[in-house]
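Presented sequentially are two complexes of chain A, the first with chain B as partner and the second with chain C.
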Partner chain A sequence: MDLRQKRYADTVVLSPVGRIDHSTSEGFKAALAPYMARCAVGLDRVLLDFVSVEYISSVGLRVLMLASKQAKTQGGSLGVAALQPAVKEIFDISRFTMVLDVFPSVREGLARLSPPALAAFDAG
Partner chain B sequence: MPADERLTVKFWGTRGSIPVAMTSAEVRRKLIAALLRASGRTLDTPEKAAGFLERELDFAVSHTFGGDSSCVEIVTGRRDYVLCDLGSGARVFGNDVLATRGPSGNTFHAFMSHPHWDHIMGFPFFMPAYTSGNRIRIYGCHADLEEAFRGQHAAPSFPVEFSRLPAAIEFVRLEPERDYEIEGLRVRPKLQHHGGDSYGYRFQVNDKVVVYSTDAEHKLDDLAEIRSFADFFRDADLVIFDSQYSLAETTSIKEDWGHSSNVVGLELCQMARAKRLCLYHHEPVSDDEQIAALLAETRRLEEITRGDRRVEILAAFDGMEIAL
Partner chain C sequence: MYWSERLWVRVLRGRRGQPLGVLLLAIVLGVGLVPDIFGLGLVRLAGFDAYQRWAPRIRRSAPAIIVAIDEESLRRHGQWPWPRTWLARLVARLAEARPAAIGIDLVMPEADRLSPGRLPEFVPGMGKDLVHRLSSLPSNDVVLAQALSGRPVVLGVAGLERDVGRTGRALRQAPVRAFGGDPRLFALRFEGTLRSVEEVDREARGHGLLNVEPERGVVRRMPLVAGAADAVLPAFGVEMLRVATGAPVLTVRVGASGIEGVGINDLLIPTESDGSVRVRFARHDPSRFVSAADVLSGTAELHLFERKLVLIGVTALGLSDYQATPVAERMSGVEIHAQLLESIFDGDLLSRPRAAAWAEAGVLIAAGLLLVLAVPRLPARTSVALFVLVIGAMGAGGFLLYLHRGVLFDAALPSLGLGVLFTSVLVVTLAEAESQRRALRRSLEQQREQAARVAGELEAARRIQMSSLPQPTTAFPGDTPLDLYAFLEPAREVGGDLYDFFALDHDRVFFLIGDVSGKGLPGSLFMAVSKALYKSVALRQARPVEAVMREANAEISRENTGGLFVTMLAGILDTRTGLLEYCNAGHEPPYLLPSGARPLLRLMDGGGPPLCAVDCFPYAASSRRLEPGDTLCLVTDGVTEAVSPGAALYGRNRLEALLMQVGRAASASEVGDAIRREVERFTDGVEPSDDMAILVVRWKGPASATGR
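Right, the complex of A and B next:
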């Protein structure tokens, strides 16, 4: 799975596209891995822009859980933003909104994760 | 079972891990909610009151999901009884048999998921075991199944030694992934992830299939395992599924605790093209409102993820019957 990437100061915004399910989750995990390796204290923060994600299954949510655990272990910050309504419901029902940092929009996610990243985002 | 008869599943115990009972505070909360809804109405006969309860109150107000631990009956239409697990619900079932069929001359076939306490604890209070002339066949894949049953009857845990039970009790060791013909049912056990292992059972008679799959954790990144369970559930009329935890719990603080979630149950049923998913082995901490909310959320999840086929979603309660 290709992840579009944009950098705002110390924060990388990654944008997966389509469905994250049993057929795509391994690709999603592999694509995420190099960014998660740098998601650590003093390095990068990572925000996943889910605006183009149509569906996520349990195995895709597990990839997010593993990424979140890795970020916490490394002292990093990971967030998920801009969920489509159906995907937001899946997060709610699976209780992932209780264990991941989920934001209504990329801007609000950046505001929480990193003020310098928000400034860079607003500067265009 | 004759081809024109329906298979029925009766739930005698649906709670996971440990039996629970409603507290006085919970009963009071239900009564207050019901009385408020009844305000201004004339409910001056039992019929009017019963009709009001059925039509106008939510299930979580007018009923309870119950608190007995695992015990499910598969009614085949034959004389012998078929059960899955002998948790505390088996006590209620045994008393019902005494009341409806009499104390002796009955045969029971019990298929055990595993010998953890909540799945065997009803047996010391299973009255048919205390009457000669009854026959009890206990099936399972665990080598130590008989030892577990005998152990809970031994001092200092219980006053009646297993060897003193008058009923004829036999233990029958099964092998997973093999088909057996028992009491008109084709039965296939399957190994599941759980501490000390557990086994699910696929029961088939004529064209009806019931899967009993409790105390099972599913490793989401193991595609072969996911596919093997989808095959085990394939085209089932009913899948009774351990949904004790949320998906977030099973992938974080309760990973490797040996249980599953509503989300994974639905995905497996969708992959398997099963007709009904029954949420089962309810978390003992959950009250009726929380289990009702779990049911509503799972139905909503089914709506927003539905492909070309609907899966009917149910939540088991003690006393529930499903005719297939």
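Right, the complex of A and C next:
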């Protein structure tokens, strides 16, 4: 799975596209790995822009769970923003809103994660 | 088997027999280059003979004619040997026709016993007078000598393996002159010669060697010159040509590697290095022959012999020397001499240039490499066709060279070599293919066996998993305040969905449904661990459901090395009061199908994320008091996300509609079965992609509880 990437100051915004299910989750995990490696205290913050994600299965949620655990271990920040209604419902039902920080939009996510990133976002 | 043996067998057979093929090709080449090893020269000769049998020489000119002392001659004139006076008459009669030369294919080493002076030996009682008169007559040999005198006659000389003591008697200086070297170093060599009696021999104008030298029983080559004692003797036919042309001497050209040719005046006949030529034979032809009897009786037409090379020879079957030739099993010696003359005259001798052997080696290498490279890559049938094509092309090429150039190119021996090569490579290739097929079959069998074993093990795992799930009828037998339905169907043999229920004490029942974020064997293992841990935590001491959830989260997380998570909905129902406490860890919210007129409820509240997702999460519980007849319906996403053939999801709305349709009075089994049937109808044979579990709990009310 390709991840579109945009950087705002110390925050990387990654945009997966399509469905994250048993057939794409391994690719999603692999694409995410290098960014998660740098998602640590003093390094990068990562915000996943889910505006183009149509569906996420439990296998995909597992990737997010592992990423969140890694971020927590490394002292980094990981957030998810702009969920589609269907994906929002999956997050609600599975209570993954309690596993990750979920923001209504990328801008709000940036605002919470890193003020410099918000400044860069607004400037750009 | 030793490793070394295995190694070289592997090397030779490896790469589909190509190393073996190259090795064989080298051996075939080596064998082919050694002259006549293992009698293989016979194959080459047989090939050359075949050319001549298929296309014998066509007689273009008829320079030679044979006066044959044949059966007819013996019948008319009596037994052989005739008195030499008759031979003298024959020569004299032929001489009248002015032939170019007369060759007598005979050796007369002893005096004629039929001379008049010797008659008294056979006829006793002759008078002294008669004996005296007879002895005063000239001997037959003298008569023959007179007949030869002054005429272009060549007499035969026989070369002998041993000197019989007669050689020196009449060894005339042969009219041969050599240029460039001593021909005797290279030529066929005889230790002695056998010649006619002196008085006859000296009157002949030429003397030629009669020997034909069969090669393995067949006359193919004839020496044009040979060494005899110290002299160099010309062959009978060559000497006739010299006498016919009136040349004073024969010249022999000698080079560094042997004799190059024999010359008569301006004519140079190229020879092999030993001074021999390869005769291209024509078929036996009766028109070459005139019976001696006809010559003697004067019935033969004399102009037949005019300016011809006339050979006198014995052909009567009982007497004569017959030799095998490439074109005939038996051919009289005199006809062979005539054939040599015809061949020389028509310039139709065969040659085998030194380059021919190299050309053969080159063709063998090229064709051999072609076969070695191609056969392992081609189907067997195509290989055979290619081989036939190669052999055919070689044979045709050799034959055309013979036909149009008189060059002997050996296709037979290389063909034999290629045959050995082709057969070996083909056999190895086929064996290799067969062993590959066998290996493939073996590995297929192994795969099948393994698959069967795995399937067997999975089937056993499935039985274990399914039997670890409680059944409502056996868990709560008899009349109970609870009506339970439970169903679980893994997408594969085993799966990651789970449910459980058991009594905590007299009144309270614990139940749960869950879904491991994984399927198949890994999911099922984690499902088993989760279920066991959860039950042990729940039974350890009486605690509220949220406390059980928190401790289960800690314990299950400890066992979770695979990074999975489990959604779980756990509840405790007090069957006496109908108080339901529940805690949802990221699972599908349960449905409450009320008995009264209240609407269908989805219990969204309470709980937290799936187990193992967040360490030490402070799960909170919710509670609700059920009315008698209320039904709780719990499912996993195998139900809500069941997929139809059109790739649609079953979805929450369909499930809710179904639950309302089934009705509030339905039993747990009726509700559960309805869901199963509906999902089955919806998926319509599509392979389920996820495990599916259904748990239906219906509280009948406190009245039933008293009955326990």
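Convention: the second predicted complex is superposed on the first by the 124 of 124 C-alpha atoms of A that agree within 3 Å, B and C clash if a C-alpha of one lies under 4 Å from a C-alpha of the other, contacts with A are read in each partner's own complex, and residues count from 1 in each chain.
Simple rule for what comes next: a residue touches a chain if its C-beta (ideal position, glycine included) is under 8 Å from a C-beta of that chain, and two chains touch if they have at least 3 such contacts.
The structure displayed is predicted, hence computed values, not measured ones.
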Would chain B and chain C fit next to each other on chain A once aligned, or clash? clash
Touching A:S94 in the superposition: chain B (first), chain C (second), both, neither? both
One more residue to check, A:L61. First (chain B), second (chain C), both or neither? both
When both partners are placed on the shared chain, which of chain B and chain C touches more of chain A: B
Using the superposition described at the top, list the residues of chain A that contact chain B and also contact chain C. 22, 58-59, 61-62, 65, 69, 93-96, 98-99
In the complex, go through chain A and note every residue touching chain C. 22, 58-59, 61-62, 65-66, 68-69, 93-96, 98-99
Complex contact set, residues of chain C against chain A: 515, 517-518, 563-565, 567, 584-589, 607-610, 612-614, 617, 637, 689
Of all residues in chain B, which touch chain A in the complex? 220-221, 223, 226, 246-249, 251-252, 261-264, 267, 297-298, 300-301, 304-305
Sort out for me which residues of chain A touch chain B in the complex. 22, 25, 55, 57-59, 61-62, 65, 69, 86, 89-90, 92-96, 98-99
